[in-house]
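Two complexes, one shared chain (subunit A), two partners (subunit B, subunit C).
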Partner chain A sequence: MKTMRAEERSQVAEPSDTGAPGRERARPRDDRRAAWLFLIPALTGFVVFFGYPTVRGFWYSLTDYNLLSAPAFVGGDNYAQLVRDPQFWHSLAVTVYYVVLNIGSQMLLALVLAALMHRLTRSVMLRAMLLLPWLVPNVTVGLIWIWLLDADLGFVNHLLKALDLGTVGFFVSPDWAMPTIAMVNTWAYTGYTALLLYAGMLQIPGHLYESAALDGAGELRMFRSITLPMLRPVLALVLVVSLIGSFQIFDTVAVASKGSGAGSAIRVIYYFIYQQAFQYFHMGYASAAALALALVLGVLTVVQMRLLRASRSDLA
Partner chain B sequence: MNTTKRAGTALLSLALAGTLAACGSGGGQAQDDAAGGNVTIDYWLWDDNQQASYQACADAFHTANPNITVKITQTAWDQYWQNLTTQLAAGQAPDVWTDHVSYYPQFVSSGQILDIQPYVTRDKVDLTQYQDGLPDLWVKDGKRFGLPKDWDTEALVYNSAMLADQGIKPDEMANLTWNPADGGTLQQVIAKLTVDEKGHNGLDPAFDKNHVKVYGFLPEWADGSQGQNGWGDLAVANGWTYLDKNPWGTHYKYDDPKLAETIDWFKQLIDKGYAPKFDKQSTLGRDAVMTAGKGAMTFAGSWTINTYLGPDAKQKFALAPVPVGPAGTRTTAINGLSDAIFAGTPHKEEAWKWVKFLGSADCQNIVAGNAVVFPAIKTASGKAAAAHQAKGRDVHAYLDPTKTPGGTFLLPITDHGNEVSQIVQDAIQSVILGQAGAADALKKANDQVNALFT
Partner chain C sequence: MRRNSKIGRLPAWAILAVALVLTLFPFYWMVRTALTPAADLYADSGALFPRHPTTVNFLRILGLTSQEEARAAGGSGARLDFARYLLNSVVYSGLIATLQTFFCAMAGYAFARLRFPGREVVFGVMIAALMVPPIFTLLPNFVLVKNLDLVGTFAGMVAPTILMTPFAVFFLRQFFLSIPREVEEAARLDGNGPWGVFWRIVLPMSRGPLITIGLTTTVWAWKDYLWPLLVGREEQTRVLTVALGVFLQQSPNTRPDWTGLMAGSTLSVLPVLLLLVFLGRRLVQSLNFSGIK
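Here is the complex of A and B:
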């Protein structure tokens, strides 16, 4: 989508070359001037904080940069090593596992919540409450749940023990750690996702439900035959945006990896990059991994654009 | 290209250049007061418990050297090294920083730390005043990268009330033995201190290992490649050495059966129910579990004295020396910190003056008086012990090993410290989880570790 915007921009800018200076009423040219003026801050930010670091990152990925000594060119060595590094593939697999768990539970729950809000209540209070977890910073969310779910001292395990159900090492057991992190982030983001879907549901014409009700359709039937199909474009957008967001999971993992956490079972791709860059100081190698991840996300973005275009016809 | 475009480009490049210029300026954060010749030395440390002590040192230093002001910045351990490294990368490092053996090799190999040997020779600094072995930690190829400032050792910390409940006398704790086969008297004590929900201790045939109320022992499994808080001390007592030479060895020995035996011993403690299962243990730290009264004993470094013996401790704890190993000696890891001078500081002479003061009895006695850590100067260590005594804390278990020949061993100092740490910790955790056998996992880890040095 960024490329599209750039193309549009250059198309608008082209005719300006013929414009004569100093004419008050030459509206097209004035627009262009204003457009440039407004674009400069964003463009500067984009080039300084995105374009330049990306180019620089690509250069580093071809070097042995360690932050402290001058980088030396090593060609494609970092990429060759990356392909052979079991830790890298492990971290990718762990990330995909998380994405599947998180997106699955989050979308399902959000959909149910949104449908309930849509059909049962219009309470602003309720909507505000749903959004509350989303307002808490991620690190704080992680810390709160680590305390609540601690295997020995946590409140939840205290309850389980009292009910004689045995304790669970939520964040420390390699089997439980990833589902737990997915659960925590589902808790944090479901309300937000539900609101997006709810907004989409508000676009659905109410008379459809009225006629369906007249035809004797129940709520479940209406959800299946009206809400879901009409919501498809919004659903596709929300799904893909959350998908990419999920790939970038880091904060909760970083918080949960402190001390004797679940170790390699939760070492996601961003954590891998972080470790390589800032704990082992392999900045070159970390840059290569980051670019590999960018490639994965790029593919996901293409899928996103396809999906959106496909769903656009639905709306018409 | 029309004017508008050109203007835009010019603005953009200006903005860019401005940003870059801002990144590139400076080099050493010390600020010069050109007029008066006054110098500010930036000094970094991570331990908030020690900031007051070093502020007192800085004030004393400023009184003696009115033209030098020391500005102390404290950053928590978790961010400290990351901040320091990025500051070094930007050429904006503090003039002097508190240094650690795990991190300093990479600063040395990238030429970030000033060699202070010429200053030490010139000013005739007495290196024999420090605790034995500590000054050598900071030497590589004849160059010296720091003066010792403090040290820490390990001891057993136990819950006094729980000990009394099981009828174990504190005297017995002073002479514990350990071996990897049956665990010696240490294991007997651990078993007795383990109590299930019905009140049976670990030696009672009726003991229910699935409903343990208090674990006799809390192991530390996030202990990197050194096992400073447990497995390392016992493995060394079992006759193991970490690597071919220290410091600056290049071949680790994690595949030694003596280490595998030690890890297996810990594993059987868990299997018997005397220690928490790895995947059911708290991640909030052993001190939290000890404080909650769910653990009776653990290894604790001397930097935790205030946690266990301080005025805020919620249980009554006491210290015992590490147990005597199969070789007939007791030995604890000793680790020390130093102060490093940034190679790029524009104020080398002033920075050295401050580092020399930090390494002198004048400053270390101030630190000793605050009874937080043990200073590196032997006489100051005695003062610290006296300060603890005055507060009613018996800390001999930490101090005695430093006075006994062979009572302490140095932790490994090598390149690739952080990577070695992760590899070995992962391997040991997989053993404790029962995913792999100790011998196999450690052999594999050792190969990975040694491959880093080829």
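Here is the complex of A and C:
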């Protein structure tokens, strides 16, 4: 059905794509029947669970909808309310606070780790072990650290006590909770980020280091003058990908929120949307907030795609 | 100056060693706690080894002890069936990873090699969906699954991701484009139709990228929390991540059941540890290009 309309256009568009040498083929093959069969599963999934809900999401954001009665159109009311909602702005601010702490520490540590590995070892074993925290569910990561950092029985506070430093309520104190969660996720993602950067470093031609060494350059100098500038495209890409992920923090906060006193100090935007939708059943309002988050992430994704195009040769 | 001397490298190795210890110690502590009797939790709070190591925490969360034994060992008395949750998690991530990879390979191949009208438009629209963050489609998808009466079923849990994700289609198409056309042309001349070429030639040639997508999808589904929480919270579909969250809230008194929770956490780590042991090289190397995700 959908095939019909696009038909005419394709005659023009066809030869330009994929850039393969098609000259020796006199009559272009047409696999239309096979192609649509190949596409049925993915296209169904796409239309039903990506396309349709995207349109529905826009629609919900213009309605008052509590999941029980049908959505009632309210125009831009949800957005007007959102702009005036201090809780929304607070959740945005908390999220940005988290992102800055998390990305800052994570990128820095990952860069150091990657550079050290790059100059010292090619060990797959070491890389595999550094990757382990990333492979584990965030819920598990949260649990392990809530227990390690428990105010009374946690191992870390046990150490602090032994060192006479007093105990810290890492997850329960509103001041500590967000930095703690940022630290926990830095633990979970640094190894992964380091491996991405490391993969980028492997693309740098080794002879650059050899000749620099002959010229008497030290490791720090080589890092500054060779590694960093050569890695820039990869670094930028990894940074943006990490940012996108970091803005969507939820699981750790959800686990930490169970029975912790930190409350609004860790209510990130994703959690705000979750609460509006599934605790208060303000589906329309939640959709409007989700769209706001989508805008932020959309901008970052556009940047990511630009970078991807610019650095494809380095990565793939 | 003496950059190649062993002494100069010592601090660098030391930093790596510290990073490794910091990475692995929390896992050690998890296992240690899981092997500690609940009664010793306070006395052992700083001990590197439990004084009375026990497997009772694993047995009781797997539902292998009686209720009285479980309560005596620090449980809340609520029924726990982590064997089932573990199985559910394996089914959930296994189903999604296998079928999504396969369907996305089919679509990616169609976009890379088959000629049909509208190809670039359809592909472009699919790629545009990469810009829509999951949370935006999650709300309407929940409504949809709820209206289809699929909440509490595996079908509802896997529905949104089992058929495709735009990234997997994009990634596999990129790889298929890099396969030399001559190989496929030869297979066509041998009398293979598009499906024959795809099934007999292209798929076997693409083991690496297929495993890469399969593995990253497995890991993604294994870690997934919010969607299974919304759609599959019930006992018979509950996956490990959801079960751990529920377990945390079932705290008997004021304090969570840490020995049980750490035993449950260990169960959620073990399978990925196995993955790392058997497919570690593959997994580590797959990051070279899948990192663009």
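As a convention for this text, the second predicted complex is superposed on the first by the 261 of 316 C-alpha atoms of A that agree within 3 Å, B and C clash if a C-alpha of one lies under 4 Å from a C-alpha of the other, contacts with A are read in each partner's own complex, and residues count from 1 in each chain.
Rule of thumb we're sticking to: a residue touches a chain if its C-beta (ideal position, glycine included) is under 8 Å from a C-beta of that chain, and two chains touch if they have at least 3 such contacts.
Since this is a predicted model, take the numbers as computed values, not measurements.
Using the contact criterion defined above for the overlaid structures, shared-chain residue A:281 touches subunit B, although it does not reach subunit C.
In the superposed three-chain model, the partner touching more residues of subunit A is C, compared with the other of subunit B and subunit C. In the superposition on chain A, A:67 makes contact with both subunit B and subunit C.
Judged by the touch definition given at the top, the superposed model places A:248 against subunit C, while subunit B stays out of reach. Once chain A of one complex is fitted onto chain A of the other, the partner contacts of A:140 are limited to subunit C, with no touch recorded for subunit B.
By the document's definition of touching, of the two partners only subunit C reaches A:112; subunit B does not.
Using the contact criterion defined above for the overlaid structures, shared-chain residue A:52 touches subunit B and also reaches subunit C.
When the shared chain is aligned, subunit C comes close enough to touch A:31, but subunit B does not. Contact with both subunit B and subunit C is seen for A:258 once the two complexes are overlaid on the shared chain. When both complexes are overlaid on chain A, the residue A:169 reaches subunit B alone and has no touch with subunit C. When the two complexes are laid over each other on chain A, subunit A has residues 13, 17, 21, 32, 36, 43-44, 48, 52, 67, 147, 150, 153-154, 258-259, 278 in contact with both subunit B and subunit C. Every residue of subunit A that touches subunit B in the complex is listed here, in rising order: 13, 16-17, 19, 21, 32-33, 36, 40, 43-44, 47-48, 52, 66-69, 146-147, 150-154, 167-169, 171-176, 256, 258-261, 263-264, 275, 278-281. Those residues of subunit C lying in contact with subunit A across their complex are 1, 3-4, 8-9, 12-13, 15-16, 19-20, 22-24, 26-27, 29-30, 33, 41-42, 45-46, 103-104, 106-107, 109-110, 112, 114-122, 125-126, 129-144, 146, 159-164, 166, 169, 174, 177, 181, 193-195, 198, 219, 222-226, 230, 240-241, 244-245, 248-249, 251, 256, 258, 261-262, 265, 268-269, 272-273, 275-276, 280-281, 283-284, 287-289, 291-293. The touching residues of subunit A, when paired with subunit C in their complex, are 2-3, 5-11, 13-14, 17-18, 20-21, 28-32, 34-36, 38-39, 41-46, 48-54, 56-57, 60, 67, 109, 112-113, 116-117, 119-121, 124-133, 135-140, 143-145, 147-148, 150, 153-155, 158-159, 162, 187, 191-192, 195-196, 199, 202, 213, 216, 218-219, 237-238, 241, 248, 250-251, 254-255, 258-259, 270, 273-274, 277-278, 283, 286-287, 290-291, 293-294, 297-298, 301-302, 305, 308, 315-316. Across the complex, subunit A is touched by residues 2-5, 8, 11-12, 15-16, 19, 78, 82, 85-86, 88-89, 106-107, 110-112, 220-222, 276-285, 288-289, 292, 294, 416, 418-419, 422, 425-426, 429, 433 of subunit B.
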